[in-house]
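Each of the next two complexes has chain A plus one other chain: chain B in the first, chain C in the second.
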Partner chain A sequence: MSTHNVTVVERPRRNLWVQSYLPEVAKGLAITSRQFFKNLLTGSDIQTVQYPEVKRDYPLRYRGLHRLTYRDDGQVRCVACMCCSTICPANCIHITAAEHEDTSIEKYPAEFVIDELRCIVCGLCVEACPCDAIRMDSGIHAHPFYERDKAFLNKDYLLDLGGPSTAVQGGVLGSRSAR
Partner chain B sequence: MDLVWELLIILLKIVVVVLLFAFPIGSLMTLLGDRKQSSLIQNRIGPNRARLPGINHPLVGIPHFLADGLKMIFKEDIIPRQANRFWHTLAPAISLFPAIALWAVIPFSDHYCTGTATMVDYRDVCVDGAFYNLFSISNLEAGLLYVFAISAVSVYGAAIAGWASNSKFSLLGGLRSSAQMISYEVTMGLSLAGILIIYGTLNLNEMVVVQGQLLWDWLPMWGIVVQPLAFFLFLAAMMAETKRAPFDVPEGESEIVAGYFTEFSSMKFAVIQLSEYVATVFVGSLVSTVFLGGWQVPWLYGDGFYFGNTDEPSIPLPYWLVIVLRVGSFSIKTLFILWLQFMLRWTLPRFRYDQIMTLGWKILLPLSLANLVITAFVVLVLL
Partner chain C sequence: MPTLTINGKEITVDPGTTVLRAAAMLGIDIPHFCYHPALSVPANCRMCLVEIEKARKLEPSCYAKVGEGMVVHTESPKVIAARRAVLEFILVNHPVDCPICDQAGECKLQDYYVAYDSQPSRVAVPKVGKAKAYPIGPRVVFDGERCILCTRCVRFCDEITGTSELTVAERGDHSEIRTFPGKELDNPYSMNVTDICPVGALTTRDFRFKCRVWLMSSTDSICTGCAKGCNVHLEHFQGEAQRYRPRFNPEVNEYWMCDAGRMSYLELHADRLPSLRVLEDSELSWPRAARKVAALLGEKATGEGVAFVASAQSSCEGLMAGREFVRTMLDDAPVFWTGRPDGDGDAFLIRADKNPNRAGLAGIFGVEVLAQDAHRLLQELERGAIRVLYMMDSTLPFTSDEMKRFRAAVEKLELFVLQAPRRGGLDDLADVLLPSTTHAEQDGSFVNEDGLLQSFWAAYRPRTQALADWEVFVRLARGADRELSFSDFESLHGALHAEQGAAQDAGE
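After this line comes the complex of A and B, so read on.
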């Protein structure tokens, strides 16, 4: 016979007992009333989280508002390579690059604006960034804005949400990753 | 003078029954039965956000129900342009009328005895006085017929509402509700015919009095004891009459928006909803009157509890306490049936339209006929 791993599920037997409907109704009632009284008396099965008072913890990898990480010396880590704004499917990252005094850095974003109204929270910008400069781990839910211009998050705001990157500058495994 | 007095008492009874019993319970059910009970069954909390001013407690969601009422009053009342204005306006009233009128014959307790009440052969008798009808609006001899007649009229409300709104959804809803009502009307009547044979009366209060009889000196002769099958048939038929799940095809949210009241808004919508809930409460009270002994408390008669057919009560009670116990017993039974209805509503998946028809015509109808024939036969042999 065939060696396929087949589980045969028997069709429910529709005998007179089942067809007469009342026993099955009684069974159903038993389940619902058990739940009813359990929740009425103890409330132990209630799944509701009372949202504004009780907040559910976001998972660690939750994609919240963007943030820009900074270097050890506090400068913005982004090198204005435009990878993120290129990959962004919503076309909502607007970067104006400028030349950095430090020749080893070359470029930095003079302006870095994310249009949160257009962002679809896909996370591709984070994937694309070669230097771990943009992240979405601020843990802040993308919230509504009362004024439109508030939704354009600029560089200062994004840096305020940020912190030092956990990646190592220069790509060499060093003391920072051990910390 | 007597006539004025009489009229005043009747008016008072109407006010108490309709405004203090039927309406509050009916409308509270929209909240407690529909929303709170379902939420507990489904492991949710249900409405708990609205607050009464100054009281920072959800109060099992009752403020929500007040807020709903306010909202309904202030909503715009829309009549579709092509609708028949006259009937569209009248339809909610037509559906509310039977729901209220039905309450006229429900006895909340036994007739008031002006002398001393006592018990002879498991029946209340009134020594040195007469029974005076104080606990039902009208002590109609043809009480049960009246109930059938009025509840048959209630289909007009739905049918007219559906027809007058000039919407295909409404029309379908109206048609479905008429079809469903007609199919279940028959079962409803036939399942009670057996009860009629046994009790030998149409008067609802008299029916309840007969249910005070004891079988073998200990078992109260409640309808559910002598006619268990009829109880289930009647409950099913009555649930279909109230157009509630699992028989909610007239509303059929997934198919025809809200059925016959799709085009109603504001207070008209509220009135139609309310009449449905009042009718649901009525079903509870009718089932408890006919099958659960109405105001009877087991072994309790005019002047106390009797265990056995003795002259003196085993536990004597003052007459007023007996009345309180009886009204309480009736209310509790009604609420229990109501609770059961909502429980069924949240337990059973809804029937398909053809299943409803099959259930009504091919299962419930033959069963109720069989029940009637067997009952008639048994009564013939035993009596």
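After this line comes the complex of A and C, so read on.
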């Protein structure tokens, strides 16, 4: 390491006023008490909120609990392609695929479980999904669980958080050529 | 011997070689769908078009024969443009349902699209709908929309199996693979069409939606369905076998395998012995169990009335170790053999002998042992000539009636040691249970019916306490403070090769 850029700063000398401590303690207490009475009487300077009674607005792109979107008829949009569980770095998505009786859908997840204890909230599952089926924009942040199995969010739970997707299943005809 | 130049590289090949084969010899990969080395060449997919100087048009390289002084370009702008156009044509009516397609990840159309096309669709009219998820046979599912009409499956059924179930029906963009009226794709080799199908049009019912292909690991293995010993890729995910796929071996099975063999992977996890048990004690480690078993054998397995049953399902290494185990621990007891009963065979790949290693067994214990089969064992048991029985496998070729008799006879034994991967309906009778591994969980080798020694490798670790057969024998010998002449797989495998080599030299 080169030394020619080093500026030596002299340590400030402590005089008797400082070394006796008491005046400095009084100064500090004055600042604290001023702030205390100001907050007590006006409340104008408080930075914290009374969570959970009061909640801040989360930014639009905040990644909260996962949700599964559904088709227009209310069925799960996910086709169990396993892209999310493949890309998941925490290995927290477990899908069991099954045959759908409607041949235009063919494949759907019979089970879809997310282990929220393992999830690292990276959002890669959302990016990997080719069907806009999984989203993390529920706005609910992962809360603590008193029992371990409550942290395994199943398909029904995730669908309850979900809503219809704004994307069109299979894309809009001809929309890709317009790009 | 014509000499030609491909992409600036010169090569001399036999006359009659196609340009595609010549390019492959140079390590140049020409994309293709309909060409398959084991089938006739229809040149209908047009994916393998290449530029040949002085030719008027692009030529299909799978069909064009080499000529003296030919100059071929496989990556020229004209060729690339043609490939792009061919792919665009193929994709006009393709549903692009890769997320739900089982072929995704091993699909040639996907690969070539990424490599050569990568353009959005320009088609703004609805696609032509065709059969979806149609069960074209008892083991195969057909999807008409994904099909690119390369006719590999049609040619397979015409040329390899000779059963001719499939044909192309209708015209133009309504063309579709169909079975002839009243027929379905049901022959003993029908699942091979799913391997040769370059897209997801034909997939197996068994593997449907089971696992994505990119998640699986693949281990080279041998099919244990019959004595042919077809080479397979054993594909597994998280320590569980998912499927078999044939592995090319021109000396054994070429590109194919039978459906029964392909489904035999299901046995790998079925009916497994859960854990060690010696008399009533079932919470044991191997060293403790080995000492206890060795003590039991030392007490009871001496003199007359001891019998050892070798398995035609076990690897050569396991059988070699077993032979030495009989010499050192069982006082050279008489050896019987067991395995699956014979079934039907054919002239192609399926053999009547349903055991993977009967030839290996005969090589190691001597051909005489084959006369000492499970039925002889049953006679001896019922005669009361056997007090102590050590079985290397629970597979028995018995009918249910014979099985009842066998169980009754086994109940009277002084000591019954069962070393097996599967319960086989005998685990409740055994005094000692020693779980062993299947061929998917150990390295080893089989000798197939034609005398070919073929190796297989461990794909995943066993979930139970199971150990490979040879290791069980080594541990039991150690439990009695004896050593077999080998203590690791390499020395055993080397000894096996030396023995096999000597046997072959003597045979010649």
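The rule is short, and it goes like this: the second predicted complex is superposed on the first by the 129 of 179 C-alpha atoms of A that agree within 3 Å, B and C clash if a C-alpha of one lies under 4 Å from a C-alpha of the other, contacts with A are read in each partner's own complex, and residues count from 1 in each chain.
We adopt the following convention: a residue touches a chain if its C-beta (ideal position, glycine included) is under 8 Å from a C-beta of that chain, and two chains touch if they have at least 3 such contacts.
The structure displayed is predicted, hence computed values, not measured ones.
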Checklist entry - Which holds for A:Asp45: it touches chain B only (first), chain C only (second), both, or neither? => result first
Next on the checklist: Taking the superposition on A as described, I'd like to know which of chain B and chain C A:Cys83 touches: first, second, both or neither.
Outcome noted: second
Checklist entry - After superposition on the shared chain, which partner residues are touched by A:Pro23: those of chain B (first), chain C (second), both, or neither? => result neither
Item to check | Greater residue coverage of chain A in the superposed arrangement, chain B or chain C | outcome: C
Item to check | Doubly contacted residues of chain A, that is, touched by chain B and again by chain C | outcome: none
Item to check | Of all residues in chain C, those that touch chain A in their complex | outcome: 97-100, 104, 120-124, 126, 132-133, 208-210, 212, 214-215
Next on the checklist: Residue numbers of chain A touching chain B in their complex, please.
Outcome noted: 22, 25, 28-29, 31-33, 35-36, 39-40, 45-48, 50
Checklist outcome for this item: Given the complex, residues on chain A that touch chain C span 79-83, 86, 97-99, 103-104, 106-107, 130-131, 173-174, 176-177, 179
Checklist outcome for this item: Contacts from chain B onto chain A in the complex sit at residues 37, 40-45, 232, 343-344, 346-348
